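Multiple structures follow.
You will see chain A twice below: alongside chain B first, and alongside chain C after that.
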Partner chain A sequence: MTEHAAKSSVRTLRVPENYRGLVACAILFGVMAILTRDVAAAGNLRSIGSSVVPLFLLALGQMTVMISGGIDLSVTGTMALVSVAGAVVMRETGSAFAGVTAMLTAGAGVGMLNGGAVAWLRLPPFMVTLTSQMFLSGMAVWAVQSKNIGGLPAGFMGLGKEVPIAAGAAVVCGIVGHLLLRRSVWGRQLFAAGFNAETARFSGLPVPWVRIRSYVASGLLAAVAAVILTARLETGSPVLGQRMLLDVIGAAVLGGVSLRGGRGHVLWVLGGALFFAILDNALNLLGLSHFRIMMVKGGVILAAAALDAWRIKAR
Partner chain B sequence: MNRFCRSFLLLPLLLSACNDSGPQKPKIGVAFETLQTEFWVAGFDAIKAECAKAGYEAVEAVADGDANRQLEQVQNFITRKVDGIILVPKDANTCLPMIKAANDAGIPISLFNRPSAQTDAKSVAVVADNFALTKETVLYMIGEAKKTGQKHHAMVIMGDLGDMNAIGRRDGFDAAVKEAGEGVIEVVSRVPSEWNQEKAQAGVTNALQANPAISFIFTSSDFLLPSIVSALKAAGKYHKSGGPGHVILGGFDGDATAWQMLQDGYLDATGVQDVYFEARKCVEAVHEMKAGKTLPALIQDPGFVIHRDNMKEKAAQMWGAQIKK
Partner chain C sequence: MKRLLDHASLLLLALAVLVFGLMEPRFWSWNNLTNLLTQSSSAMVAATGMTFVLLTAGVDLSLGAIMFLCAAVAGKLALAGHPVGLCVAAMLVCGAMCGAVNASAIVWLRVLPFVVTLATLYLGRGLALSVTETRAMNLPEAFLTFGRPACAIAIAAAVVIAAEVTLRVTVYGRHLYALGAGRRIAEYAGLPARRLTFSVYVVCGACAGLAALLTLGQLGAVSPKFGENREFTAIAAAVLGGTSLFGGRGGVFPGAVLGALLMQSIESGLVMVNADPYLYPMIMAAAIFAAVLLDARRRATQDGHYRE
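Then we have the complex of A and B:
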């Protein structure tokens, strides 16, 4: 083969960066479908669809914060508090609309508090969000005395049952997220602040406000995820999603979002969340225990983080 | 494409060829919330043994305390077209969509040891009467307290109040104290453990600090006994029955720790759930529902109270005593 032909065949194999995660998902799905045919069953595709939606929403919010150079460890505590707050409102008013409004407001409020502490008080994001995770989780349990709240309005429960509704919400959030990140002034400022905060500050960018908005976005998206999960489980739960944090960060990192800030794309997060959902689902169908699945996922996240570190060194 | 890449791409085909394509046994999906305590491990093993006896293959899933994961696992069972599902729900409410999904798929579902909340969805729950068994246990403990001729300050360690079993045990404790504890028992501390040993230990330690006179403790589950023992030892209050300073101690479940403590004289009584009965009834329920029979929504495990006076005759029925052997 001539050198020109070799280079051409390499170019045809090269996948655009934004779609690599989705191609990896397709390959993973193909391999798993060979190992267990149940993966491709219509019911199982619906299962994968319903499990990827909340993970994608949470990872989208995490990406927004990570692009700004931060991290949000409070997302599961936010979900728990939002879940019980919404359930209490719906139990008292009987209104799904009031409940959802309360949940989104609570999520945005938590984001505002996290962002304020990080941006204005200049506290490390890891510490702020870790302590708010503890506070929010404790508050959720205390508020309802560990009890779950059932008997939610039928209209609300439909939001979680119908995969198209949940998927539609995720698509809307993904499109809005993409437009804000790629087509808005705030998006450009976010990337600049994440890539080099000092330079951004000296250039006159309002770095604190840029960061606060990223945390508000994360809190809001956590609230949307909480709406879907609460509806799906038909219960306001003070421990909603408590074990999802590693999956959320893993999905973002696996998709290619940099832990050092300044890099991220909605399609990367979609690829990462889908990869996790397919992997989890397929390993379950193959009969692996939950604990072995955790070991596999831990290995995958570590590999993704190592790849991120190598990519930064290679710049 | 080089030889290595071709081999790599062939690997999935080779692996799929290794899939067993022989005759398949009917399957029961067994979805547990957790395997964190001896009770759940004993239950899991008992269900697997009953499935094997009845000619079913048990397909296992453990949700590690995550209700959403448990829902996904049940959906996976449905995808795999299992012949029945046995579920240990995380709590009474979050299992409702799982039961409905099984009903929609026409797969019979039974609940082991924990009931669901009120619902029209069809399932059979095999549970102990937590209220009655706890009341009987605490009444025995109050009888022991009366023999001392003294008033006792009491502590109750509660479970996760999202779990109907925990609520039943709490209510059973309160009912016993109300019925027979007048002038003998004063409840000075209620420790919420959320079925977590660290929380239980911290709560008991704090309660003993605040109320050093506590001399009567009931725990809603025997798996919290190590935490209580640790706190009692630290407070210098861990003494055998019959000796000075003995804290009247009772529990629920009947695990191996409780059996050992009963034999050693530190534990006064425990309410025992018959794990083997519950496992058998769950598998039978799935089998009978599959055959089209209509069953009651609740099958009660009668359970029993074991204490120092009936230890010898009840040991054979106590699953915790069998584990020790």
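Then we have the complex of A and C:
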């Protein structure tokens, strides 16, 4: 009885699970603001805000795949190819609409291929997406012979100039993603397939399709992130987002999305993405070289993954 | 069909040698064939280490990073005037230690192998870059001895033979197969599953150190890109040679040896026929994908039933 009471009083002090990531961000931000004042400067806050948007979109896609029990390591390759493809289409047609359509189609197509290889050919997701990462980024570089493509239509570049547009896109994707995951059949099937594929199959769920849809979602969200980054850079770049993979995986895993499938929430990913955006920004401000930052992020991911494994064991 | 899948690496190797030879007659020269064997020695050793890990249904994505770190440490020691013997020993120890770090996280923290090694890939490369201060290092002439055909081939052969004997003849080797084929059953049978899992990553790390030595012997320098993507070559070589990504199946000879030769012939062949350098990553990715696909087909025909 007393033990029970003690337990429940501890529980009331706890931060609700969905907000833990955001609280961790606040703590990190506080610590970093003490280490260097520049972190809290108005200009810097804007820069954190603009870097968190594409990261959040990518991590959202990553989460969808992870819930289904897979992983998508090809997101940066997808972004590079999408950016180049969109830029070429816009250079030829001069139409922003055609360009964005082409980019989204390319992203969904890449997701379809990844998903097909995983679900139909039954290949291990991490190997499939590692090879497609290598292939897609190679293809992006080859297609434009390692050159950037400029001269994009003004209407398209406006998408990157205006922070509210990018932020709005992220908010819309976040809300739609949340509703799809929590309130739709699509989302329930996704969680069911990731939590226990065997049971899901016996219950009559089209498990291969559920998996493929998650990879398509990841490809689409990578394309949206590519649209925002390409518009911001004002060029189609074959190395777009090259260094973002670690942040994307980190944001999802740190947020608490389980690498073994079946667990995830939009707010967790938002927390994870914000955490990595603040970490990256603050470490840069502290003057750490890029390889030191790489080491820190690698360590953070390892710690987050260990936490995930520990959580599963404790359950 | 089953026969065909079993000998796929040999057939693909024959095909690659034939095609490149027809496109560029120099490919068939005695000189080039010796070169091919020498250059693939590093990949053979790396693939041998990777085979141990794959047999237990794990994977080591940090192999290339470990190679870089070992090379960076050896380079620093050599430039500080230490004898070559000490540098070589340091490389092996450094490799084994990196493997032990991977193994600890996998065995004690119970994190999935590909996540651990993906994280240590970045940790390792970052550490190596800070050791080398992101500059290239030219090493003393003495290191080039390890790149001579006779020496490189002898080292690779010794590693391959030792590994093959360990896997086929010793109790330890049989335990690895049992562990990979079914972890739970192996545990029930009383095998020291944790210790076995730990050991394969240490073996793989040490092999990475040796592979770095053989690569150093050929290049004579450590660049910031040293060892990049070597883990893919090693995985592809091992898997093409018949080792399964799902554990419990495969071997070093002739599998990994032929696989390494195949990957190296594709790489050297592309250079010899003057292919567009931008195409290399795409062709290598296609080769690795083919290896993974082959593995899945092989598994489907052998098991005969669907396993999730």
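Definition applied: the second predicted complex is superposed on the first by the 303 of 315 C-alpha atoms of A that agree within 3 Å, B and C clash if a C-alpha of one lies under 4 Å from a C-alpha of the other, contacts with A are read in each partner's own complex, and residues count from 1 in each chain.
In this section, a contact is a pair of C-beta atoms (placed from the backbone, for glycine too) under 8 Å apart; a residue touches a chain by one contact, two chains touch by 3 or more.
A quick note: this is a predicted structure, and the numbers were derived from the prediction, not measured.
> Is A:Met295 in contact with chain B, with chain C, with both, or with neither (first, second, both, neither)?
second
> Would you check which partner chain A:Glu198 touches, where first means chain B only, second means chain C only, and both and neither mean what they say?
Only chain C is touched by A:Glu198; chain B is not.
> Based on the superposed arrangement, let me know which partner A:Arg311 touches: chain B (first), chain C (second), both, or neither?
Neither partner.
> Report for A:Arg182: first if it touches chain B alone, second if chain C alone, otherwise both or neither.
Neither partner.
> In the superposed arrangement, which partner chain does A:Val128 touch: chain B (first), chain C (second), both, or neither?
second
> Once the shared chain is lined up, is A:Ser146 touching chain B (first), chain C (second), both, or neither of them?
Both partners, chain B and chain C.
> So chain A touches chain B in one structure and chain C in the other; where do those two contact lists coincide?
In the superposed arrangement, which is not itself an observed complex, chain A uses residues 141, 145-146, 289, 291 for both chain B and chain C.
> Write out the stretch or stretches of chain B touching chain A in their complex.
Spelled out, the residues of chain B in touch with chain A are 12-13, 15-16, 19, 59-69, 71-73, 75-76, 78-80, 91-94, 96-97, 117, 160-162, 192, 194.
> Looking at the complex, which residues from chain A come into contact with chain B?
30-31, 34-36, 38, 41, 43-44, 47, 51, 54, 141, 145-150, 161, 229, 232-235, 237, 239-244, 280-281, 284-285, 287, 289-291
> Which residues of chain A touch chain C once you look at their complex with the stated criterion?
Answer in residue numbers: 71, 73, 117, 121-124, 126-128, 130-132, 134-135, 137-139, 141-142, 145-146, 197-198, 201, 246, 249, 253, 259-260, 289, 291-295, 297-299, 301-302, 305-306, 308-310, 313.
> How about chain C: which of its residues touch chain A in the complex?
So the residues of chain C in touch with chain A come to 59, 61, 105, 109-112, 114-116, 118-123, 125-127, 129-130, 134, 229, 232, 235, 245-246, 276, 278-282, 284-286, 288-289, 292-293, 296, 300, 308.
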